[in-house]
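In what follows, structures are represented as structure tokens.
In what comes next, subunit A is part of two complexes: it sits with subunit B in the first one and with subunit C in the second one.
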Partner chain A sequence: MIQLNNVTKSYHTERIETLALDAVTLSIADGEFVAIMGPSGCGKTTLLNLMGLLDTPDAGELLLDDQSIGGQSDRKLSRLRNRKIGFVFQSFHLVQDLNVVDNVEVPLLYRPGVSGRERRRLAREALDQVGLSSRIFHFPNQLSGGQQQRVAVARAIVGAPQILLADEPTGNLDSRMGDEIMDLLKQRHDAGSTVVMVTHDQRMADCADRTVRLFDGRQVQ
Partner chain B sequence: MLRSYLQIALKVLRRRKFFTAISLFGISFTLLVLMVVTALLDHVFAPHAPETRGHRTLGVFGVSIQSETGSGTGFPGFKVLDHCARDLPGVEEVSFFRLQGNVTSYVGGEKIRSFLKATDDAFWRILDFELIEGRTIDAHDFNERRQVAVLNETTRGKFFGAGQALGETIRIDGRSFEVIGVVRDVPIVRIVPYSEIWIPYTTARTEDYRQQYRGDFMALLLAERRSDFDQIRAEYAARVSAMPPPEGYDTVISGADTFFEFVSRQLFGQRMQSSHPGRLRAALGLAALLFLMLPTLNLVNLNVSRILERASEIGVRRSFGASRGHLLLQFVLENVVLTVLGGLLGLGLSALVLAAINDSGVIPYAEFALNLRVFGWGMAGALLFGVLSGAYPAWRMSRLDPVDGLKGSAS
Partner chain C sequence: MIKHLLKLAWRKKTTNALLMVEIFVAFLVTFSVVALSCFLWNNHRQPLGFEWNHVWGVQIETGDGRTGDSNWQADQVETLRHVLVEAQRLEAVESAAGVLTLPFEMGGSTRTLANLDMQVNEVTDDFLDVMRLELVAGRWFTDEDDAKPWTAIVIDRDLANEAFAGDPIGQSLPRDPEDPEYRVVGVISDFREDGELSAQSNYVFQRKNLDPEERLLRDLVVRVQPDTPAEFEEVLVERLRAVAPGWSFEIRDLEGLRRTSRNFRLAPLVIAGVVGSFLLLMVALGLIGVLWQNVTQRTRELGLRRAVGAHRREIYQQILSELALVTTASLALGVGLLVQLPFLDLIGDISRSVFLTALVTSILVMYSLTLLCGLYPSWLATRVDAADALRSE
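After this line comes the complex of A and B, so read on.
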């Protein structure tokens, strides 16, 4: 379960202070599929980063499985990220120096006890699921945007995480490809994972159990 | 996990060909220089043939005599050695020998200059020369003051070409010596055994040398065991300080040293009173470090400048569970892989350079070679270099906030 209590996050730049999230309280149950919608700049990515333990709130509290995240050590947070969370970033973020299959293996690299062979097997399996098994030795810059997005999805699901956080995972895809990615997310959801997905597409949001709407850092009903 | 990191490191380096190439160039060149210098030092200080018993050999390479008004330092004279270096406890064999410098001979109207050493018979038992023909100087030659000479191979060629040498007579500075043996060439950097012609020192024209405190002698002391070194040193030093100094002086100073210790005594010992091998080692290490400094900073700089470029990668790795420690280890290892590759390359290059030095004849009879010891030091240097130049950039990378990393370069 992901629980946010009165979470506030602001960014300071030289001149202005942006309140990206303003006292957001939100609870996402285990196995729930939640869509997050809202206009650009309303704080969706910020919210996802907090839930993914990539960032810490300025005020308020974040709980993962009833455990408060505040003040945890870097090692503990890293382990949680590694075991529990899979990320699909808004802008893919593939490692340019690594080929497709090595990119997909990244999460498993930091998981102790997974052999090189096992890593390769799981990565191929995940790439199979996103329909990219023919391109595993390509480098990211040799792929189309949609293909890169699918690599990013494969990387997020390779470690079978409990929580899948997807930031506009279908944003760069045509509707057929988009549907395929949605099917993958639903598959993860059916397998019991919690899925949180940011989207601008109402059709996609309709697939979710529930939609959370943000406006200017605030949750709106 | 380490293996995976290594594989990844190699992949990244292969992918970043330009960066890898310029780094490798700098690293291998630096290590090339270090390894060549190491090979030279190794050649001078480590026991090589004919010093096969070097590990239990001490020498007396210098004497200093001092008065209120001044001091004189130089090679030992016979008198000091005769008085203090004979029959030392724990010493199995003792040899005195003389550095006589360059001498002139004429063969068929052509002038030949050769380096000459005058030795006793023990010299040939302590050192392990490779005899090519004949024999070396024995007790009989020495005691009977026989005018006999041992040549090295090259000098035999100069005097006799391909012809017969044994039993023939050569003239050295106007005196005749019978050639009794020929030994394999010894490089000039092997200071103790090196020469081109060796004769018994009892053939000297006068016996003036017997009265000298400072002269042109050296002594070799072959200990029964290396563990006897301290005892030998102590006894020798005690005898020297008890020895009556020459007219007008009040102290005689000399020590029994390995050659390395002797050099440290000359460099760091106040008026040669003590040897400081530790300090010499530290100084050499410091020089190597200073020399490594510039390329290290250069590589640090190169690595730091890539942090921004790699920000997204760092963000990704952090998001998928890499802790700061993971990243630190991974990036340092990546750098170490790079420098060790550079080290291997440098090693190959230094083998070529050393071969070129040997062939060029700049250093007479040079036989510089890479051995395991030099290889070991070279690789240690490469590792140190890798850790030094990798640690700071890796630390910086590992401190990068995951969110900042992901923002840093949206690909």
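After this line comes the complex of A and C, so read on.
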């Protein structure tokens, strides 16, 4: 499903070069739930961004469904992101100027051939699944953090992507709200999705099938 | 997608309202400048109705301190006759006539009869030849108009159409019973004495038969042979002085008068053009600034859109579409306001076609301007790096 071979990524800023990922080789199977752990700055987000096609490796190879991602056009990569990947971020990243249901519809705007009515139906369905059907016309700033993250999860799943990438999805939430989000991710996993989640919380990581540990850009163990 | 963009635009109504005001004002200014240009250009394309090349104006000073409104003395009438005959006798002169107001002089008199505005001039019988007017019906003034109880007039086609339903020849201009009668003997194509840039207007030539009862003619028009050198001016003045002792003559250059009247009419356009361009430039810079800021403020949103599947081109189109929406709304307001003008009769001489041309042109100008301003900010928006934009701080 997701395959990284010797993937290296470094960042250059004014004379300093940071090696964020150093020859990481990793394979994530279809339907697997993988937690990624490691100290701050070890490259977790970088790894997730590469898997999510938001960034490209400097060296090494990334395969998605046995298809090499290297050298694809922006258009192709965007289409792949749209169809195959759903993101959940630590700080939600909802569009403040759109209400809940419009936020959830956003990914479908970039999927050709989905009518407005179909978008609305799918968005309501996704909001149903995260238990927010009663708040669809609220704006993000009228919701609690946990509710906002549930909207973000609805947005991530509205296009029925195979892969869910979550970067510290519970990082900004208290433990009760965090548990709610974890339950949603587990539900997706049970429904057959591949879930990759970055977390600092061992309790959360325990829910996963497997934990990948990073240290200074390298996979440990 | 349009609906989605409309919702976004509505949520940002304060910023967008400011943009709209800018675009709205710029649109009105553009419209004024374009309408004025169209108006002048449209005038420019119309025939002048006369030929001014190789025609010299000669201003007469009778030397007795009389003003233009005073009546003739019998001896003065006689002298003027001699002056005209003498001028025509010269080899280099094709024809000469007396006239009350020179073409391009911008001092013509106007009259309003039965709600019809018209410009009125008084000329002697040779004026047709000197100015090469185009007679389209009836005849020009001749001796047979002498000693008639009415004054012969020749009118232009516009006035003929406006004032008379059928054939205007032999008809009189509308008048009160105690007023003198003006009877139409002929129709000319046009006579735009204020020059190429002036609007069409109704014109009346009144026959001047050099009668001591009437007011002075102070100008002559003299058509000279095409290759006449400028030195002939002195010869002409000399010869005229010889038959009119005590009078003085000054050559008035029609070309110069024409240039002055043209500049007079172009000045408002130049001023409006300069002010307008400056304003458009300010609006354009302001627009780029606001759009730029707008894009930088929205990097997270743009990054998010990229992450969920928008490619660069879609981001580019989104920013431009948002701008196009705001522009459309402002222009709709502007057009809504401007179409009231013809109904309110506020635009005077401007014809419907000039109005529509100006409207369409300024709409196109505004769209081009705003989209041009949007190009760089939109491109900037496509450069937003999703990974950077979405990194939690």
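The working rule: the second predicted complex is superposed on the first by the 220 of 221 C-alpha atoms of A that agree within 3 Å, B and C clash if a C-alpha of one lies under 4 Å from a C-alpha of the other, contacts with A are read in each partner's own complex, and residues count from 1 in each chain.
Here, contacts are C-beta pairs under 8 Å (C-beta built on N, C-alpha and C of every residue); 3 or more make two chains touch, one makes a residue touch a chain.
Not measured: the values here are computed from a predicted model.
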item	value
Fit or clash between subunit C and subunit B when superposed on subunit A	clash
Partner chain in contact with A:S91 - subunit B first, subunit C second, else both or neither	both
Partner chain in contact with A:L109 - subunit B first, subunit C second, else both or neither	both
First, second, both or neither for A:P140, with subunit B first and subunit C second	first
First (subunit B), second (subunit C), both or neither touched by A:R81	both
Contacts of A:R155 with subunit B and subunit C, given as first, second, both or neither	both
Interface residues of subunit A shared between complexes with subunit B and subunit C	49, 52, 54-55, 74-75, 78-79, 81-83, 87, 89, 91, 93, 95, 97-98, 102, 106-107, 109-111, 116, 155, 159
Touch list for subunit A against partner subunit C, complex	45, 49, 52, 54-55, 74-75, 77-79, 81-83, 87, 89-91, 93, 95, 97-98, 102, 105-107, 109-111, 116, 155, 159, 167-168, 171
Parts of subunit A lying in touch with subunit B, wherever the complex brings them together	49, 52, 54-55, 74-75, 78-79, 81-83, 85-87, 89, 91-99, 102, 106-107, 109-112, 116, 119, 139-140, 155, 159
Subunit A partner contacts - residues on subunit C that touch it in the complex	1, 3-4, 7-8, 11-12, 300-301, 303-314, 386-387, 390-393
List of subunit B residues in touch with subunit A within their complex	1, 3-4, 7-8, 11-12, 15-16, 312-313, 315-326, 401-403, 406, 410-411
